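Data block below; observations after.
Letters are used for the chains, namely A, B, C, D and E, taken in the order the chains are written, and counting of residues starts over at 1 for each.
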Amino acid sequence: MVPESYYTALSAVLFSIGVVGVVIRRNPLVIFMSIELMLNAANLALVAFGHRFGNLDGQALVLFVMAVAAAEVAVGLAIIVAIFRVRRRLSVDDLSLMRW
Amino acid sequence: MARAAFFVLAALATGSALGLILKKNAIHGALFLVVNLGSIAVLYLMLGAEFLAAAQVIVYAGAIMVLFVFAIMVLIPGKEETGPDPRRAYRLLALPLGAALLLLLGGVVAGRLGAPAAAGAAGDAGALGRLLFTRYLFPFEVTSVLLLAAMVGVLLLARRGA
Amino acid sequence: MPRLTINGNEVEVPPGTNLIEAARRAGVEVPHYCYHPGLSIAGQCRLCMVDIEKTPRPTIACNTPAADGMVVWTETDRVKETRRSIMEFHLINHPLDCPVCDQAGECWLQIYYMRHGLYEPRMTDAKVHKPKAVPLGPHVILDAERCILCSRCVRFCDEVTGGGELGIFHRGDQSEIGLFPGTALDNKYSANVVDICPVGALTDRDFRFQVRVWYLDTTKSVCPGCARGCNVEVHTNRRRPHHAEGRRVARLKPRFNADVNRWWICDAGRYGFAPVDAKDRLLLPGRREGQAVADAGWDDALAAVAGLLARHAPDQIGVIASPRMSNEDLFALRRLLEHRGIRRVAFRVPPRQPGDEDALLIRSDKHPNTRGAELLGLDGDAALLLAAARARQVKVLWVFGHDLLAAAWPEAETAAALGALEALVFTGANANATSERAHFILPAAAWIEREGTWTNFEGRVQRFRQAAEPLGQALADWDLLGRVLAALGAPVAATRADHWFRELAAAVPAFAGMTYQALGDSGARVNA
Amino acid sequence: MRLLQRFYLVEVVSGLALTAAHFFRNMGAHARRALGQRSASGAVTIQYPEERRPYSPRLRSLHRLVRREDGSPRCVACMMCETVCPAHCIYIVADEHPNPDIEKVPRRFDIDLGKCVFCGYCVEACPEDAIRMDTGILEFSSYTRAGMVYTKEMLLALEPVGPDGRPRSPIPIPADRTP
Amino acid sequence: MIADLGIAFGRVAFVMMFVLNLGGILTWVERKQSAIMQDRIGANRASIFGLRLLGLFHPLADAIKMLTKEDFRPARADRFLFGLAPFVSVFFALVAFASIPFGDTLRVAGREIPLQAVTLNVGILYVFAMLSLGVYGVMMAGWSSANNYALLGGQRAAALMISAEIAIGASIMGVVMVYGSLDMMDIVRGQGTLLWGWLPAWGIVTQPLAFVLFLTAGIAATKRIPFDMPEGESEIIGYFVEYSGMKFGMFAMADFLETVVIAGMTTSLFLGGWQVPYLAAEGFRFPGGAAWALPHLVVVPLQVGAFVGKVCAVIFFMMLVRWTLPRFRYDQAMRLGWLGLFPLSVLNIVLTGLLLLAWGAA
């Protein structure tokens, strides 16, 4: 049996990697994927906690996170594609304006 | 046995996460993320959350990441992040900050979950469903509204010349 | 000047013009076989019948001089009927084997039969058979069956060359062309009978069965064989390389030029195209190291030659130009000489045997552009130049085309001169004994592979045009000379032969005012 | 389209019924044939190399050069076929015939079948009926380009198709072909 | 312990052999069946010492040909992904069959062996997940070929598979609702009951609409005619244009394996899986009251045989469809998926829910 703390430690590592990814990359798609990575790290922690405390609330929360992530990805990708259509290039540094 | 499997999966997950943020090529990054999601799904399985594992693969790997790969293919990137980076110094700052965050999180986790595990709950799909439709009914319905809103928003965004 | 009306159009002709020529002026073609403007009138074929008003029946046009007020119709029903009957008559004994006949495609019997013939044959009798494939001389073969007895060839031999070798023998449908006993058709103009023969009776032994005439392309050119500069057509076969063992030039045909050669050309000129496709053509620029010749590539070879010219004092450099080079080449060479200040230049190399000459066309000077070289001022003494080389005063010698070892000079002296040189540069289309000794070999395009002008002995500047692509990497002389000039740092604006000719016309008074357009097909006399 | 057709499903089912009917009918025929009933046939196709249909007499197959009674080619190298050939696949080099009545004879007569388009113009154009496309031979593939070039001797060796529609000539196999 | 391992290995090996061999033989079936449907004789040329065996050697000849062909890779291709893509395609098609039960629990020597490679209580979701991962192979192939046509083919494939899988997922839900489990073994067992005492409660009876939708979407998910616009071999170039040799063969193989998987799922969800009508664990029990007792070791092979037979029948039907219908245009397939199959399967879920409520109330 693997102690839950292992899972939460892994979750912390993945979350930190996700944070670093968000900061160091310029491609909005990769930043977006790093965010997904962070969400997953959180999910892993939730499931581990749920396992630890012997109830299913953690898993239910994970389901909600997944649903929200799906919605977020759909909207986010649509925005990125729309921006790309206008700008013909992809870099978050170009996206400091609220309007274009 | 289970411990060895965990370490293999953890290494796979960490490695693929690093691959995601370090690979220049966005397609490779996306595929690394798929590997990461898959290994986490197996971890769910080890935690007894079979339904979540399947949902993870279907929703994340099967749908969300396909969308990502699709978007990357449509946009054919690969040329971005090639020029000189005007904010290199800021970005390099991320590494020590990330390490600090890791230490912080590690400290918190290590403090709270040192105790050995109690018996895990049965992750059976029926029980999970029952929970969703009783205790979490309101959030569940709100999620459906959120998905609907997202769908409408995407449709609006995707219309050309809007 | 008689004025007459032909097919309703009025035309004025010089007195004595016959009706065929008068009709030609009016743009009307009267079919004929025996009539040839360069020969006497025989009235033999009876095909050139025309209707003249107030005459009872059709009259032959060739023997009817144009008269004032004459009204001529060439396409009346009566004329057409007459022509059809005469064509039928001509074809009584003519074999119908056009596919095999070498004349097919340029045969006037074919052409006129298609236009005027009777398409329903009425002859049932067996045709009279006569000798086939009879060699008349070194160049001409006779197929007596195909002959329509127009007698052009007989008159040519009687009137133009005066040999009178041919005659018509026997009577009626047994009549046939033949040689008088003890003679052969071996005069210097014998192959002209092939040109004037309207059918496939007389064919060219050299051309026979090599290529079908419809595969040939025609280019207007000038014969390079002597100082006369006879106008010719170059017939090239470019689309069927498997014919005639890949030779590109199939034959030369004389081209009418009233002021130079009229309709004729000598046999030596007609068959003088062999070097163009010969095995000894120089194809790649080369550099001799010891005995071996290494391919150098144009850039290296020209840079090396330019280096030779730049390194040596002008007095150490000699150039022997060639009267086979075109005016453009010679002018480019003159520019090069002026640029480097080279004075040791010559172009005359005496041949070992003096050339033959006659009163009709053939000139003893066997070079097409001696006059042009003279006009460009390249005349010097080549023997003195070689003597200077023997005395080691000349270190570099550039020879264009000549075989110095085959000249009239003692061969040992020439060889000694060439051996004393530091560098011998040879430019030419074909290899020879001199090119064997050259340190640098610059392949030149043959005359059919380029264009240019030559000045004949009378001072007539005539154009020759490009009929084929150069073999190998050969370049026109003006082109490679222009590249040497450029390598020496002299600005060269001319990139085409006509550019060089324009510069030549501007620089040399004798050529003043000439352009390629003004030269046209028949050339123009220089102002001297 | 009728409303029913718009639903597609009905049409799909009728299509499936048709193909399935063919399948089962042919399957039955195959089974009966396997059980010894030779007349039952589940296929309408012809098993080509083993079974051959007689060719149409007008079929344009491999060329041949017709011979005179003495065995020499009828061809007089007039180049009519070479001239008319739209694919430029005929290569003739003429030579003087010893008999002046014949005059010309091909020294070389090559057909590059790799280029030939089998239009038959050469047969139409020939004034001597010296080239025909009646050998009934259609199989002359080769592993090299050179193997597709048929020389005068090869073309002279071919014979017209027999009355049974089968080539009488041995099917020419270029020398470079490995079995 | 060793016996357990051996049994587990045996189960996996059985499934592997079944899927791989069936997939391999499908190349022959495809040729032969199409030939017979089209009044032809079909593949009969490959022979060993003159033995032709109805063309059964053709798959062998194919394999030899593909293995000996040049393994071409475009110069600008993404080396790693280009090599990986066919393996990904085949892998997910192959493992998807793992949780499909091919028989009831086998009791031998005091052990209970579920006849299924992997027992999962969310088995149906597992199969579905593996099917949806197959799209990565296709997309990787299209992208890594460095060929715009391949890329477009990969995108078409991805769009098609997503729209097909949505419909598959939604149509499965009705079955899950009826039998109340995500475990395929439970679903198959649930189909063993009798409605009104005589009608086997197979999925095709309880969920007829879902059956049609699932089969349609399943055929679309295999990317084969009439849904072969990712790679219309005859006209439109697809995602594996740049592939040759065995890698090309693996893509074709993946299509056949997916066919087998879809057929297995159809059988398990709608055609009663390994159930033989009126055959219970102890033997036949017919509606009239007649019974025929059979030993356990006869019943189980009978059931496995029934499963295999049903899978083959479904494959036959899919081949029939493949050789009957012309290809959908891309927009037609998309319209069918999103405006036809998906809304209908949602409707099916609603209807099933209402009926189940009514059933429960009654």
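Just so we're on the same page, a residue touches a chain if its C-beta (ideal position, glycine included) is under 8 Å from a C-beta of that chain, and two chains touch if they have at least 3 such contacts.
Everything numeric here is computed off the predicted structure, so don't read it as measured data.
Shared contact partners of subunit D and subunit E do not exist in this assembly. Put simply, the chain closest to the centre of the protein, by Cα centroids, is D.
Sorting all chain pairs by how many C-beta pairs they have in contact places A-B at the top.
For the pair subunit C and subunit D, the distance between C-alpha centroids works out to 49 Å. If each chain is reduced to the centroid of its CA atoms, subunit B and subunit C end up 88 Å from each other. As a whole-number value, the distance joining the C-alpha centres of subunit A and subunit E reads 34 Å.
Rounded to whole angstrom units, the spacing between the C-alpha centres of subunit B and subunit E is 29. Contact with two or more other chains is made by no residue of subunit D.
Interchain contacts link the chains end to end along an open line, per the touch definition above.
The complete set of chain-chain contacts reads A-B, B-E, C-D, D-E.
Within the complex formed with subunit D, the subunit C residues making contact are 97, 99-100, 104, 131-133, 208-210, 212, 214-215, 240, 242-243. Touching subunit E in their complex are the following residues of subunit B: 25, 27-28, 31, 34, 50-51, 53-55, 57-58, 61-63, 66, 69-70, 73-74, 124-125. By the touch criterion given at the top, residues 78, 81, 120-122, 125-126, 128-130, 132-133, 135-136, 139-140, 142-143, 151, 154-155, 158-159, 162, 165, 169, 182 of subunit E touch subunit B in their complex. Contacts from subunit B toward subunit A in the complex involve residues 2-3, 6, 10, 13-14, 17-18, 20-21, 26, 29-30, 33, 36-37, 40, 43-44, 46-49, 51-52, 55-56, 59-60, 63-64, 67-68, 71-72, 74-75, 77, 79-81, 85-87, 90-95, 97-99, 101-102, 105-106, 109-110, 113-114, 116-121, 123, 127-128, 131-132, 135-136, 139-140, 143, 146-147, 149-151, 153-154, 157-158.
Those residues of subunit D that touch subunit E in the shared complex are 9, 12, 15-16, 18-20, 22-23, 26-27, 30, 42-45, 47.
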